Amino acid sequence: MIKESFTLRGVEFKNRVLVASGTFGYGNEVKELVDVNKLGGICTKSLSWKPRDGNPPRRIVETPSGMLNSIGLANVGVEYFIREKLPYLRTLDTVIIANIAASSIQEYCDVLSLLEQQEGIDGYEINVSCPNVKEGGLSFGTDCSKTREITARLRTLTAKPLIMKLTPNVTHISEFARAVEEAGADAISVINTVIGMAVDIYKKKPKLSTVTGGLSGPAIKPIALAKVYEAAQVVSLPIIGIGGIMTAEDALEFLLVGATAVQVGTANFIDPSAGVKVAEGMRSYAQRFGVSDLGQLVGAMESNKEFSVLQSWL
Amino acid sequence: MIKESFTLRGVEFKNRVLVASGTFGYGNEVKELVDVNKLGGICTKSLSWKPRDGNPPRRIVETPSGMLNSIGLANVGVEYFIREKLPYLRTLDTVIIANIAASSIQEYCDVLSLLEQQEGIDGYEINVSCPNVKEGGLSFGTDCSKTREITARLRTLTAKPLIMKLTPNVTHISEFARAVEEAGADAISVINTVIGMAVDIYKKKPKLSTVTGGLSGPAIKPIALAKVYEAAQVVSLPIIGIGGIMTAEDALEFLLVGATAVQVGTANFIDPSAGVKVAEGMRSYAQRFGVSDLGQLVGAMESNKEFSVLQSWL
Amino acid sequence: MILQHVAPVVSNTLIAEGIFLLTVEAKDIARSVRPGQFVNVRSTDGSLPFLRRPFSVSNTRGDLIDLMFNVVGQGTRMMASRRIGDTLDVLGPLGKPFGFAGNFKTAIMVGGGLGVAPFPILTRQLEEEKKSLLTLLGARSAKHIVAKDLQNTQIATDDGSAGFHGTVVALLESSLQSKALADPKIFGCGPTPMLKALSEFAQRSGIECELSLEGDMACGVGLCQGCPVETSHGSRKYALVCVEGPTFNCHDIILR
Amino acid sequence: MILQHVAPVVSNTLIAEGIFLLTVEAKDIARSVRPGQFVNVRSTDGSLPFLRRPFSVSNTRGDLIDLMFNVVGQGTRMMASRRIGDTLDVLGPLGKPFGFAGNFKTAIMVGGGLGVAPFPILTRQLEEEKKSLLTLLGARSAKHIVAKDLQNTQIATDDGSAGFHGTVVALLESSLQSKALADPKIFGCGPTPMLKALSEFAQRSGIECELSLEGDMACGVGLCQGCPVETSHGSRKYALVCVEGPTFNCHDIILR
């Protein structure tokens, strides 16, 4: 028997593979196709206070080994979620993480407070890659003090696991990791999508209605690994690695650089059972190489200490 | 006849396609295979004051639609370059840009000053993605004031085109673009490689000897386009777009978002005549769509002004 | 019930210029799919492209499903190169089938380009329900016409190389002017500009009309919110093409 | 002179477990390549992988070149799936051929795994130069041995399923102990650990030795500086495997 589980602030995850916010709906869309109870956890689509229509089409563009999205956080809103989606999620035997998005610090607090009153939510993941309306739309997640403030405010409102989901679109993600650790986060998710764009050279227009969008998929896996590694050098809280994971091998790379668990995102679009297969594959690897507890792999990469993240001349 | 040329501080480039530093050696490696005179220009491998051995192997890792490199700026050094490489470059009928790398501001100045005394160099491209030895190895290119200072110092030393090559590994590349414009740069090259890494899960070691390296190739094209677009919103100096260009279509995307010219990098490894083919393809596009001057395409993307780079909710 | 099959290729034939008919064995999909539903396809050997590609089920025979496609890019090039013995990873049936509501007697199928794809299976069901049929197909030229397993077909080509010289919607207008049909209902499929013209015509003429939309999809199963179409009424601004469509009543959506 | 060919596939045969012999027509390469040189291969249909893959030219016949390869990943899977009529984009000949310097009489070819690949073409040239030949091949097991177009071959297998039970370098040692050879020179090709053992043996025994290295390459033509091997003397710490190798005299490099 291989130990696959891990615990975050008292909540036990049966294995180290979650599905990423925005890539698995509210968990019920593909229940015929996937045994979701075999997942370590489900992160819901980001929830905001009011329902959001999302951006106009076109919202999706395929790129080399990846995709751009500009969904615009289309979601049903927290009240509808509680009424219509949560009852199903409550029946599942897996950890349910509510992901929260907002355009003001107060909205983050309001959504979380309302969710606190409900049964069936095991923890929160906070999407800070949202435009801060007060600051003219600059993302909260690129402002270290705002990110810290959101963390500290939400910490006072819940005793459940509080996971801060960091954006890669900053110079030093380690600064953000340290800030949210100090402000009381239980874990960080690394990374959200990378800003990117694509152009239709015949129409001479951006392919996405919003000009830029978020890049995800295998194209960004090397970037995500470097961000997780950078963060792991400076914080001791658990890191959930995200970015381009398609296979167990990919997930194991994240564990080795320091992730306690991973999330599978874009891969779900190609194979909705990708997350379950990644978990199975990690188990096989452990079996094959005599690893009794997957936790032994976390941060187990040996590396030449002569070289640091910052010193690799190109 | 389609006008393909453009001019930078009096230097005329016969077309808008250059080959990127570090991806075309010193121009003579593939002369049997490619008619280099059909290129708009050649950026040399980064030159430092002394020869550099470069990093230990493994220096190259293939990734989905891209590659990581950690060459360590292996180069022959500026004196050897002048003696052994420049005479050949002088015989070419294309613009020669000397790319300079250094570990101190003084070294940048020394290399440029020595090159100033030579015949045959048409301009300079400054690679600021180098560790600043004084600051414990933090890259110059992620420090806006250092980047500005390098620009200002070099500006005093040359009347030739001075192109600052910016790193994408910063929160707002537009700040760096503005800084170097104010400090007197003639153009910016956007982007250098994106920090990334890959792990060998069997050896439990990083694949690259230096742990992290630089990601290039089609995987980063969406990121590069977004960076060029962001920079183009705030500066009026010409931008040279770089990142994942394999075809003329890719290059045209860069022009449309605001690049005056492009550089072809990693594509040369797969097809050393990629640059020449990109230039030909741009000509065909212009012919087909009745564009008499490729310059008309620069920044010609129409976009919905309602959305800015920073506001795309994900 | 959505199913995932590693489906063996049974045949793959060039049936018109750049157009292939690919038949794969996918029993459970073949047995349950209804007209207007689609499958989401990827290669099983890891070759490009990255995302799945949606294709209408064109027809079924026993355990087999037919896909009819135009070679336009990486995904359809991969599909065109599939030979007997290769496999294709197929997810489906997906989406909402064509709506048969209303007491119509005549079904007018209007297809633009590869919009003809779902008509063979639709024809079969309409015949079972004893409807009169009229099929109007628009194509760039005679070489691009595929009219297999259809009934009472009229052609329009952009270049006039076959049938009516003009768009298929213009052909529809002129057909209906020359001869009124008893209790008609339109079933349209094709590129968005054509569907928009068709929808406007239907609403102007007061004819019921179901449309099957194309559009960019990432998942095809409602996970990504990537496939919005504007709704014309109700509290939500957008509906999802992959799960609430691809077929819609023309009154319910706004095409742009 | 480096050339780029879109080379038609003439045959592609499984010749041992997981090992293929792929023959393509590439006239100018076939006419100019010398033993130890390699070609850099990619698919012409845009299927994966991203970078080219280097392969020794195994033999030539007229305008044809043979590549012998092991299916280990994306690139070799793509190559294995190539059928007659498909094409392969081939760049070559690349690198420095095996050095023939020295007055040797007997050539001992020592190959580990697919290190045997360049030996057929090397054998031909050594025969032309009237050398005595000894070929030692190491493989995991009997199923992985390819010994076509070679002379005077001895086998070593890791599992003892054929020939000597042990490494090919151990076989070499025991061969030379039992029978001294007149003026020998070693030509080695295979994985780095084997070449390292071979190089140490050669230097210990004072036998001249040329090695052909494997290693990660991005360009294969000297553009990227991606393929360093440590040098044992001189002012430069590294040499480039793609242009200064892949063959080196064992005295000139340090293997790790």
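By written order: A, B, C and D. Residues from 1 in each chain.
Criterion: a contact is a pair of C-beta atoms (placed from the backbone, for glycine too) under 8 Å apart; a residue touches a chain by one contact, two chains touch by 3 or more.
Nothing here was measured: the structure is a model prediction, and the numbers come from that model.
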Where chain A and chain B are represented by their mean Cα positions, the distance between them in whole Å: 32
Mean-CA-position distance for chain C and chain B (Å): 46
CA centroid of chain B to CA centroid of chain D, Å: 36
Sites on chain B at which at least two other chains make contact: 22, 64-66, 69, 71, 217-218
In chain D, residues with contacts to at least two other chains: none
Chain contact topology (line, ring, star, complete or other): ring
Pairs of chains in contact (touch as defined earlier), listed by label: A-B, A-C, B-D, C-D
Touching residues on chain A, where the partner in the complex is chain C: 22-25, 29-30, 32-33, 45, 51, 53-54, 56-67, 69, 71, 74, 217-218, 266, 268-273
Residues of chain B defined as touching chain A within the complex: 22, 55, 63-66, 68-73, 101, 127, 129-131, 137-139, 142, 169-172, 192-199, 201, 204-206, 208-215, 217-223, 225-226, 229, 244, 249, 252-253, 256-257, 285, 300-304, 307-314
Residues of chain C that touch chain D when the two form their complex: 45-48, 74, 77-78, 81
Chain A contact footprint on chain C (complex, rising order): 1-4, 42, 49-52, 91, 215-230, 236-238, 243
